Amino acid sequence: MNILKTDIRWFHAILVLVILVPLFRPMGLPLTITKPVKDAYDLVESLPKGSIVLHANDVAPSNEAENWCQLLAMVKHNVAKGHRIILVSTVAEGPMYSDRIRREIAEPAGYVYGKDIVVLPYRAGNETAVTALAEDFQGTYKADYYGTPSSQLPLMQEVKSMKDIAMVGCWTSGDLGLWYIRQVEAKYRTPTVTGIVAVGLTLYGPFQASGQLKGLLLGQAGAAEYETLIKSPGKGLAAMDAQSMGHLYMVLLIVVSNIFYFQAKRQSAAAAGKGAR
Amino acid sequence: MDIKTLGTWVAAISTLSVYSYLYKENALFRAVEYILVGLTTAHLTVMGYQNVYDVAINPVMTGTKVLMIVPIILGLLLYTRWSKHYSWVSRIPVSFMLTVAAAVTITGNIDANFMRQVRATMVPIKNLDTLVVVVGTITTLMYFFFMKIRGGSRAEGNGGPLAAVIAGGAELGRWVMMIAFGATFGSGVMSRIGLFIGRVQFLFGDWLKLIK
Amino acid sequence: MIRSGRVSIFVFFVLFAYLGYMAMSRFKKSQDLPIRRLAGLDAIDEAVGRITEMGRPAAFVFGNGTLEAQWFAAFDILRYCSRETAKYNAEMIVCNPLAEVQPVVEEVVRGAYIAEGKPQDYNPDNVRYLSDTGLRAAVLGIFGREKVAANFMFGNYYHESVIFAEAGNAVGAIQISGTANTHQIPFFVASCDYTLLGEEIFAAGTYLSRDPAQVGSLVAQEYAKYFAVVIMIIGTIMSTMGSKALDQILGR
Amino acid sequence: MSKSFRKEFPMWIGLVSGVIVIVDYFFNISILSTLSKEIVQWRNIVAAFALALGVGNLTRIHSHAISQKKEYWFFSILLLVTMYGYLALGLITTSKSAPYRFFWDNMFQPLSGTWYSMTVFYMTSACWRAFRIRTPQAAVMLGAAVLAMLGQVGIGQIMWSQLPAIKNWLQGPFTTAGMRGITIGASLGMISMSFRVILGLERSHLGGVGE
């Protein structure tokens, strides 16, 4: 039997088990809080009650598993500290997630729509959309996501420029954070934090190192660390043991397949040697 | 059954149909595949229409920005594609879309991905890390020298000292890239497992209520 | 007048264009192609040979990202693949996630059939618009049902790279890929038979077409890379010695 | 109209708009700046019109499939019904209505999320199949992948406390260097490719027949 030709579906089935078991029976593996996450936490912690926080919410189904729990963790922290929240998006799906934040977190905590939280509609144009809102916030959003004119929303009236924003959070799998660094942080010095998917480290690491980003949440691990800091365990923390086991499984697959590969190669080399004699 | 429960069931069945492909391509999967293509196309079109309405049609109708008639006309010209005689007219908007995308690519790349990257590499060499960055970047770039000077030196041994340096650099660059690829592959695993955990949490939490 | 911070880029851009123009006119005279062969391109011919032999179709799948230069490079490669498949009467299914380039994709494939003198063989049903999210599902479905024997993946790739590459492998397709998105290259390198890395996808079009304008700009790119290497070496030496002068000049 | 006009005119429209955007990038001329902003926005609007071409393409392919009773023609009916049904729903009730949201929340969103999550299975098969030590370079890639994977999760920290540091080192300087080298090269390819498109030297999209 050649194990290298095993039906790949067996490995898929094992993977499901490897992920499922720790979700049912958490093992409590250690979690180190990384500095960029602590920095983000400290920033939110330092803002006074009533500060206006702008969340650029580019959560979509593709990055939901990673960015959504990050954003939730930080919004919970904002709500606990009494910060007022404005949500904007440059992806079409974003406002639908922002709407969930209003319904599921803000309003149950006693937030009043229009006064403490505002959900703004999606704006196309990527970086140009960010430039536009940075240059003329009220002009860019004449109405909110639900069609209410901004003039009727007290919170919108307070934001004259990006200087009125105490902090920007960018939640994305792509370049969104870079646009805010270039268009908002660089021009108005608004403290900016970013939550990105795990593969995004290469993209954002340099900006975190240079101080242009005040904090960085990386993948589910970033969310889990933040949840630990705010002492509100959520989906991010629940996932960490499963992450460990999944990683271990993949490493084992690589190692084991190579052991069998070399064994097979030695055998065929030996067989060829015999044939030559 | 209330609407929320119905929704969860629809979502759960859709999720499982997709995973069924991992076992075998089957009728349930096929149904979901075709539905998804239809649904996405419709969704994009609805969103596109609303965007066009807000940004162009409405301002033209109310007279606040009559200039927006230009993209509307260009957009409508696209549909001449469906006519036999006038289909060449659709090349006007197509050419417009492509060249503007090209121009935006240039402005987006020339500074951020070329000049700034070059400048970011000019760091003082203080430790091993900075040495790796500088040497690694330069040698990786050497891997992308396409002119024959490089091939000449290695294959035929007739390239002279410059070609030998470039060939050596390119070889080193390949090693650096391989480390980068491995590390990136590794960090990708976390995202991918994360996505799957998200679905598992939905199936066993929101749907079956077996995990909290 | 000139925006601050963009003086040096402007000078670079003008020089870049000028060098490209010079190289283009030189190539028009000499017809001597100065670039090395890329391994992945021979594989395209090999793959088309294989699908013809096996009587199974090929698939050409674009990446899911927005319209930018990688798409144009993919169009060039698509044109070559279409001409090859047209030449050998093979079938190729083109999977496109982006509506705004659908007319272009159709023109490229149709043009390839006309160029091969077989306009009657062009089947518009094989050039399929599948929408961005729909693409993933539909490509897996097409792989599974049509049992594609070759799979070409080029362009602005994201997440989907590893799905398509491994699913293509599962149905036994020979796979050739290329993208400049650094976060996806590793998955292609691991899973595909041949991968064009980064700039190679742009060079591929040049090699395939031997078009003077393309050769010219490739030569200009080559000079720009020499420039970058030299600048980086000098700049690093200067900054190690404590001078930021070069960095400041380039930042003008 | 003459054949060359049909070819040249679209090219000139493209050339002029492309040049405006580029000149505006380098020079601060207020009229160009306004125009360039408009052009970029116009492009997005034109692109939105193109979505209907996608609808047209799908309609043609699937009505063929249905009328010719091709294999799987039944699924083509499903596709067309879904597409036109959802389109009508969205255009009549807008995307904010409850019925529209129901399908978006419970079909589009989970389906799309599930698609992304499929990657993990294909990663598994890539790990099993693709990472073979055939060459020394493949060994290096494999080693980096394994260290990076173990270094980013709790279990790796238990196995060896230095793993996170090694992971950071691999994902730091090495990844920066390798990816930056590729980015610099690729950006040049992108610039010259785009430049050719603007100048009309790259024109397969303008009805070029591969001449």
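Letters A, B, C and D mark the chains in the order given here, with residues in each chain numbered from 1 onward.
As a convention for this text, a residue touches a chain if its C-beta (ideal position, glycine included) is under 8 Å from a C-beta of that chain, and two chains touch if they have at least 3 such contacts.
Only a predicted model underlies this, so the values are computations on that prediction, with no experimental measurement involved.
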{"item": "By mean Cα position, the chain sitting nearest the middle", "value": "B"}
{"item": "Taking each chain's C-alpha mean as its centre, the one farthest from chain D", "value": "A"}
{"item": "Of B-D and C-D, pair with higher C-beta contact tally", "value": "B-D"}
{"item": "Chain B and chain C: spacing of chain centres that average the CA atoms, whole Å", "value": "13"}
{"item": "Distance between chain centroids, defined by C-alpha means - chain B, chain D (Å)", "value": "4"}
{"item": "Chain A and chain B, separation of their C-alpha mean positions in angstrom", "value": "18"}
{"item": "Of all residues in chain C, the ones touching two or more other chains", "value": "6, 9, 13, 67-69, 72, 99-100, 103-104, 129, 131, 133, 137, 145, 159, 162, 170, 182-183, 185-187, 189-190, 197-199, 203, 218, 224-225, 228"}
{"item": "For chain D, residues that touch 2 or more chains besides their own", "value": "25, 40-41, 44, 46-47, 50-54, 58, 72, 104-105, 108-113, 115-121, 123, 125, 129, 131, 141-142, 145-146, 149, 152-153, 171-172, 175-176, 179, 182-186, 188, 190-191, 193-195, 197, 205-207"}
{"item": "Junction residues of chain A - those touching two or more other chains", "value": "8, 12, 61-62, 64-65, 124, 198-199, 201-202, 206, 221, 243, 246-247, 250"}
{"item": "Chain C residues touching chain A - in the complex, by the definition given at the top", "value": "133, 159, 170, 182-183"}
{"item": "Partner chain C, residues of chain A touching it in the complex", "value": "8, 61-62, 199-200, 202-203"}
{"item": "Touching residues (chain side chain C, partner chain D) in the complex", "value": "1-3, 6, 9-10, 13, 16-17, 20, 67-70, 72-73, 75-76, 79, 83, 99-100, 102-104, 107-108, 110-112, 114-115, 124-125, 127-129, 131, 133, 136-137, 145, 159, 162-163, 165-167, 169-170, 180, 182, 185-187, 189-191, 197-199, 201-203, 205, 211, 213-214, 217-218, 220-221, 224-225, 228"}
{"item": "Chain C - residues contacting chain B, complex", "value": "5-6, 8-9, 12-13, 34-36, 67-69, 71-72, 99-101, 103-104, 129-134, 137-138, 140-141, 144-145, 162, 182-183, 185-187, 189-190, 197-200, 203, 218-219, 222, 224-225, 228-229, 231-233, 235-236, 238-240, 242, 246-247, 250-251"}
{"item": "Chain D - residues contacting chain B, complex", "value": "6-7, 9-11, 13-15, 17-19, 21-22, 25, 38-56, 58, 72, 75-76, 78-87, 90-91, 94-95, 100, 102-121, 123, 137-138, 140-149, 151-153, 167, 169-188, 190-191, 193-195, 197-198, 205-207"}
